[in-house]
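Per-chain residue numbering starts at 1, and chain names A, B, C, D and E are given in the order in which the chains are listed.
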Amino acid sequence: MGAIFTPGLTVTEHHIVQKDRRLPIEGDVDVEVGDVVEADQVVARTSLPGKVFPANVANQLGIDPGRLKAYMTKDVGDSVVKDEILAETPGFMGMFKSEAKAIVTGTIESISTVTGMVILQAAPIPVEVDAYINGRVVEVIPGEGCVVQAPAMMVQGIFGLGGEVKGEIANIEGGAHEVLDPAHLKADHAGKIVVGGAYITLKGLKRAVELGVAGIVTGGFDYDDIKELLGYEVGVAITGGEDLGLTLIVTEGFGHIDMAPATFKLLQSKEGRRASINGATQIRAGVIRPEVVITHDDEEASAEKFVPPEPTGISVGDTVRGIRAPWFGKIGTVKSLPVDLMAMESETKVRVLEVAFADGHDAILPRANVESIER
Amino acid sequence: MTARWLTLLFLLALASPAFADSAPSDAANSDDDDSSVIGVGNDSAGDDDDSAAGLEAPPGLMEAAAVAEGSMADVVKVPAPTELTVTAPKHNSGLNLDLSWTPHPDVEAARFTVARAESPDGPWEMRVEDLTPDITTYTDKVAEDPLNKGVRDQYYYRVLALPRGLRAQADEANLTKPADRFAFLDAHANSTPAIAGEPKGVWLNTSVGFLLMALIVLTVGGLMFWFTDRARKGKEVFIRRIPGIDAIEEGIGRATEMGKPVLYVPGIDELQDIQTIASVLILGEVSKKVAEYQSDIIVTCCIPLVREVADEVVKAGYYQAGYPDAYRSTNTRFISSEQFAFCAGTNGIILREKPATNIYLGRFFAESLILAETGFVNKSIQIAGTAEATQLPFFIAACDYTLIGEELFAVSAYLSGDPRLVSSLKASDWIKVFCVASIIVGTLAGSFGMDFVVQLFTAAGH
Amino acid sequence: MRTTIPLVITFVVGLIMLGEAFIPHWMYRIVTENILEWGVILAAAAFVLGLINLIQVNLPKVLAREPEWGYKLVMLVALVATLVVGFMGGGDRLSNGQAYKWVFDFVFVPLNATMFALLAFYIASAAFRAFRARNMEATVLLVAAVVVMIGRVPIGEQISERLPQIVNWLMEVPNTAARRAIFIGAALGAVATGLRIILGIERSHLGGD
Amino acid sequence: MLLLSAFEWLVRFQHMDRRWIFLGMAIAIAIPMLFPFTSEFSVDRSVKDAWQAVEDLPEGATVYISADFDPGSRPELEPYYRAVLHQLFTKDVKIVSATLWPAAPPLVFPIMEEIAEVYGKEYGTDYCFLGFKDGKELAIKSIGENLPKTYPVDFQGTPIGDLPVARGFKQLKDFPLIVLVSAGFPGIKEYVLQVQGQYELKMVGAATAVSGPDYIPYYKAHQLAGISSGMPGSAQYEKLVFLEHPRENLVHPERLLGIEGVNVLNLGHVFIVLLIFLGNVAFFTTRPKGVE
Amino acid sequence: MSIDPSTIRSVLATDCGSTTTKAVLFELTDDGWRQTYRGEAPTTVEAPFEDVTRGVLNAAMEVQELSGRTLVDGDQIKTPDQGDRDGVDLYISTSSAGGGLQLVVGGVVRSMTAESAMRAALGAGAIVMDTFATNDKRKPHEQIERIRQLRPDMILLAGGINGGTVKHVVAIAEMIAAARPRTRLGGGFNLPIIYGGNSAVRPQIEERLKDLSDLSMVENVRPIMEEENLGPARDKIHDLFMEHVMAQAPGYDKLMDWADVPIMPTPAAVGMIIQTIAKQRNINVVGVDIGGATTDVFSVFDDAFNRTVSANLGMSYSISNVLAEAGLESILRWVPFPIDEKGLRNRIGNKMIRPTTIPETLEELQVEQAIAREALRLAFIQHKEFAVALRGVQKERTIADAFRQSGSGETLVKMLKLDLIVGSGGVLSHAPRRVQSMRMMIDSFAPEGITDIAVDSIFMTPHLGVFSSVHAEAATTVFEKDCLIYLGSCISPAGEINEDKPVMRVQMKLPGGGSMDETLGFGELRLIEASREDELKGTFTPLQKQLDLGAGPGKPVQQVVRGGVCGIALDTRGRPGVQVPMDERRVPTLTRWVEEMGEYP
């Protein structure tokens, strides 16, 4: 076997990006195959069922649940307004009358003669899904959503926090090894996506939130800071829903690591361009990595659904990055792919590859400990 | 294991005869040793005033006495007692005076009568007519209705030595009115001179024993605050797990699964009994849990007032749990204030409504086993708790879990999980340590003849 | 507010009653006696509430012919009957021939005695079930129990002259010791419970906070 | 096969229907009632002390009796109550009595009346019954402090001042001896706690077998001059009053219920002990290995 | 489908995990049943392949290449065995791909019927996403919101004993109905709901849930308070797993077609083999499978089987969660060298985001194994808390209980009664030195008394589990011969140790004739080399009277002990948890233990 399957990150100027835009539940799709869509354009919409409010009406009336139906003034499916009377007992000569009122505005979902519960459902909550990127609709999944495709610059990060945002790319001064601290952030960064450096300090991040920065893309930050920021530890790398105030994308990993030069260069060149970024990360089978997408709006987007080639794995000559100590973050090219298992310092026997690192060193390391950088 | 045997040994030590006999024995004698003596009658004065006192009786009474005079032939006066003292008890309400006298050595079996007057000249009022010769002290209450009638600064007392047969003659003469009677008796008996006594009300009891008691109360309170404060600061308070208390929640769960109610019996004593109070407190927590499980709780009460309070507590529990609508007033029931009728009624509920869990917490008597056995037959989980030592064996034999003595008072703290309550348990634990230490010290001191230590504690008991 | 007022009342009254132990003066006593008297009156008044509760619980069930309503009916009839009989006869109620005495002698006495007598049977069955020498402590308890049971009745004395003495020792030494331990613990628990209520730390009865 | 069935029988025995036990108990109790026999027993020190305290009373003294029992505890306490009444009346001691148990009056007063009649004693002058007072501990406190205020009238409504026997007694302290016949709460314990210590009263009592052990500490601490507990105590008291030290004016009752009862108790106890023994034998021969 | 075990000579078993598909070949050789070859390939459930069978075929191809036996025939597994190493007689498989079987359970009381339902679900190999109960402290509307979010594969609803509560069960059913839950994988299917509660409530349940879901009824999981009846619910979950969950995952229809017996959820298969071994040898067993995302613990104590899934304790995806739950301090106590704390956190974080990496340096390995200890320890604690006796049971008390009224819900996992611990999962099965696995298990499980320790050599317990359902005898033979590698036994006294006094005296024959008689103090860890074949007679005496080696406190134990590939470990480092000094003595102490065991180079 000449190639190995190793997870890689896409960092490329030219990529055909496909985005699934799906509703959480069934709804209406507003677009058709072939439509050209803008990033902010709504492509599908639906209503989530409203919150449900159960109330024990039988107990409120002080009656046996079995007789509840007899006293209900409303039936299943009726809509009620808050404080409207749902049920009442006739009482005795005007006394001992009791009644139960609706606690929310909504419709009656069910009436139980066993538990005495009346379940009210509040008004539905509308949900809309936008196109996220500028592009063309290449597929419609009826009732669920569509696939938007566009040629674009694509940079995948390794870990992110926060969801989808869109904004202009703003680079900070200094190179790929710059530490992003509050001093780098300016008021006009508000609403933008700030790219920079090897590491962002907690203070820097807090400052960015204060300023209203939309997103940050950087090399690394401290694992400890997550807890500081969110109030809880992220024990399992499934993110995207954090309420952080901005979206953070880390391209290299935890700790102080320079952003890979290629990544840095690519983003640097996009100053002022509008990007769509998403911090959602899911490191499980079916991995999702955070991403920065800048569509090439001047290019003609194909209406044909692009079928990506099967991953080929790493071959000799590919650029790879070490992803575990002692080669963490170092970049080199694959020199050879020995077949035999080899014992590492830890005595673990693994498949290895030989890498010529950029600084001139050659090393043999486990194949699992590199990732290919796709260009 | 070791701890258990140590406890046993300790208990044995506790029961050792030395301790048993020395502890609260009749050592109260020392209490009034240095009491201020207000008036002391001496022998000679007594003799002198003997007849004078009698003669000075008001004229009206003299007439009454004269009526009975006719049949007075063979009554021979006996000498009056000597050394009458009238003192205000040391730490007193200000309404009592202690009288003490010595019977005259020449007479053997005289009966004594005590009389009181507001001035040395009378009018005299008979306080007690017939005291047997072995009684030589008397505590008089100087005023029945002090608020309206007031208390005087001084009262005068005389003690009469009645000759044998005098009372019978008074009876024969049909002297039923106390004033007439006294006039008659006074006329035919020797009396001590009038001795004055000043009742002295005290606002603060400063005897050693009471100070000790106050100290204990203050220490418990202080420790409680200290531990509470620690709890507030986040210091974890470790408390031994009591399975019986954990079982309460389990029992509620069982009842829920079985679709049956929980039965709660808060004992059969009055509301003011501390066990009933503790039980009602627990009921609050239990009903909260029951409400959380959306189950039912039946409370049966033997005392109407307890029912009223229990009902409120259950209602509050449901309210707290957020299910005020699930509360039903008719589930808190007064059965009967007659012990066994109550017992039979509760048994009826056990057999008919088949509660899955029976909780008996509070003060129980003979009905304990009858309830618990009926519950056992009904296959209920039963949790009992009482500080009534006589009923503990029955509960232990027939119930799944039994809370012994003080555990009962810890339950509400456990169930609520409130750190402030839990920390108060810690406080009473420390007092217990103090008690154990005092017992050991007391026992040792008693064994080596150092009585003052024992007396210190005896005083506290009175 | 809902809990504050009761807490204040509890604190004030509790403190006053606690003070009784330390302040002997009669003027103070008048205050505490009055409070106690209110308590007694309250308790007596609650009997009326108890009666109402009894009727509230039972009468609707009889009227609605709920399952086992017969028992409730018997209860209600007995309640009314006893009440009527109790008012009859005045001070002479206790004399033979009076209805109240009759009810007492021929209804109450046998019923009450029966309930109490049940104990003998229940003790037998509970003892049979519970007394198993499954471990060291249980064995000690079991032996002690048997000795006391036999030693307390004449047969014990016929078995051995020493038995009653052993029983007396058991009752007076280990038994008393254990009881004292329970007393002391319970008394402290009672003090702590009392203080908790007075100080407002305990408020389960008010529905917590 | 036989062994197996024996094993099974033992297993079943451990979980037998408790009604069999009830039946056995009933038989054990019925035998001595149907075929009375006598058995020898000696008198405990505490019972003797209780008896002695009454004996020591001077002639003509007045005692206070609190008769706090109900029909349930009647078998245990009535023999004592009767015996002590016999003892008091033969000694010409007068009696003021009352009760804190609502169910007691119809029970205790007729007995007192009956025995008084035997000795020709008169209500009001030789004995009186003040009736029931509610309030439990509070009532005891109140009696201790002021008897006439607590009981302004007797059970029939006669003012206490019109009862010569009670005349002149203001407090419990005025009585040379207090006799408590107590089936539980309120009873001996409450009397000791509420008034004994405070007034240094001399008290003797009779308690049920269940609560008897509760009062041993008081007896040991001399807070109770003597105590008779349960049926055996009653029987021993009867023995002292009627058999060992009969006063010449004693009128022997037809039956001595305590002494009869103790025989019932005899067999009852033996039955329970037998049950426990058999239960353990069955348990240990059938328990699976490894079970504690 | 009935298969005659005697006709089978070769079996191909695959386990489709969430990342890799492992194929194992069992053959009837001259030496009896053996596991012969093994291969693996990435799982192909997700895009771009979206067909699980591709991964299966890739893995089978690897076995084919290694064994020379033809296994793949075009796009098919070749069955039956044509003879001459052509095809296999039986193809079987397990699966945990796509996150395994995810269930939501509901019951009335959390610690009673809800727990019984949970036990049934876990026993069936499911991951329980959430448990709903009347007393779970959530208001009904919160429960409804949560059910809407969860999207489980199915719901198991229990509650009430037979003839018990109606109200509560109906309330939960109504709540589920109001949530209108949907399946995880979408599609036009109704969510399968299994009702195993109070049988008297069936009509009401039907009325409320029938139209919304694919409702099936099973016998009550808790017919009376005193008993559980989990079998029917478990079987139903398996059936529905096949019918619904599997049928919807890409490629599974084909796989189901290939497989000769129903595909089992991986954990259910592991549970099966653990139960089989415990039953056959009449011992108490604890099994653990530590994976990347989850750690499964299985136990069989006195025939009571329990399984727990610690969903967020794993060595890669959830490694940061181990750090979060155990705390840095707890992990540090196993790291035998000084380490910068912030650096350690970042390292763990990086492992989380790059879960497939392999520790290359020794330090990395040591850190990883330190984390593994904590993951195992925490998972075992969770297991002990779950594997408890039934709650809510009336007890017949005797006076013997007066002094110790033991509460209910005591754990069934009694360490002193444990005979065998079996570890599996990458970090244990693939540790460079076996003794590392042994120490990890001793440290994390803290076995008491005398306990055998073994690992699954190459993670084939799932395969054997499903194989045992066809041919139990063959499966246990392979389990003993090829799967289970006995590392040795651990001898450790239970009870709190007085650190200043001698702890244990060991008098024992040594392999090769010699003997030892030594007294161990506190904090010692010794390894005596002995193989599984050595049967060494020994007397082990606890020297402090509270310490227990299995014969009761303070009593000596005379027993034959056996070693394994590592030997016999004598451990006096404290129980119930190993005590590690956290001051400057930490590194020297840990180094001493490492050297004594010969753990690291």
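Note that in this section a residue touches a chain if its C-beta (ideal position, glycine included) is under 8 Å from a C-beta of that chain, and two chains touch if they have at least 3 such contacts.
All values derive from a computational prediction rather than experimental measurement.
> Kindly list the shared contact partners of chain B and chain C, in label order.
D, E
> Can you tell me which chain is nearest the middle of the complex, judged by mean CA position?
C
> Where are there more C-beta contacts: A-E or B-D?
A-E
> From chain A, which chain is the farthest off, judged by mean CA positions?
Here the answer is chain D, farthest from chain A.
> In whole angstrom, how far does the Cα centroid of chain D sit from the Cα centroid of chain E?
67
> Quick one: chain C and chain D, Cα centre-to-centre, how many Å?
Each chain reduced to its C-alpha mean, chain C and chain D end up 18 Å apart.
> Taking each chain's centre as the mean of its CA atoms, how far is chain B from chain E in angstrom?
63
> Among the residues of chain E, pick out those that touch two or more other chains and give their numbers.
Answer for chain E, listing residues that touch two or more other chains: 166-167, 171, 397, 399-400, 402-403.
> At which residue positions does chain C touch at least two other chains?
If we look for residues of chain C contacting two or more partner chains, we find 112, 115-116, 123, 125, 127, 129-135, 137, 142, 172, 176, 179-180.
> Run through the chains and report each pair that touches.
According to the stated criterion, the contacting chain pairs are A-B, A-E, B-C, B-D, B-E, C-D, C-E.
> What residues of chain E sit close enough to touch chain C in their complex?
Touching chain C from chain E are residues 396-400, 402-403.
> Give the list of chain A residues in touch with chain E in this complex.
Going by the criterion above, the answer is residues 5-7, 25, 49, 51-54, 65, 109-110, 112, 114-115, 117, 119, 121, 158-159, 222-224, 233-237, 253-255, 281, 283-286, 308, 310-311, 323-328, 343-350, 365-366, 368-369, 371.
> Across the complex, what residues on chain B touch chain C?
Residue positions touching the partner: 4, 7, 11-17, 20, 91-95, 143, 146-147, 151, 201-205, 210, 213-214, 216-217, 220-221, 224, 228, 270-272, 274-275, 277-278, 280-282, 284-285, 288, 303-305, 307-309, 312-313, 316-317, 319-320, 329-330, 332-335, 337-338, 340-341, 343-345, 348, 352, 366-367, 369-370, 372-373, 376, 387, 389, 392, 394, 396-398, 404-410, 412-413, 415-416, 418, 420-421, 424-425, 427-428, 431-432, 435.
> Note which residues of chain B are touching chain A in the complex, please.
323, 325-326
> For the complex, give me every residue of chain C touching chain D.
These residues of chain C touch chain D: 36, 40, 44, 90-94, 96, 100-101, 104-105, 108-110, 112-113, 115-117, 120-121, 123-125, 127-129, 131-135, 142, 145-146, 149-150, 152-155, 157-158, 164, 168, 171-172, 175-176, 179-180.
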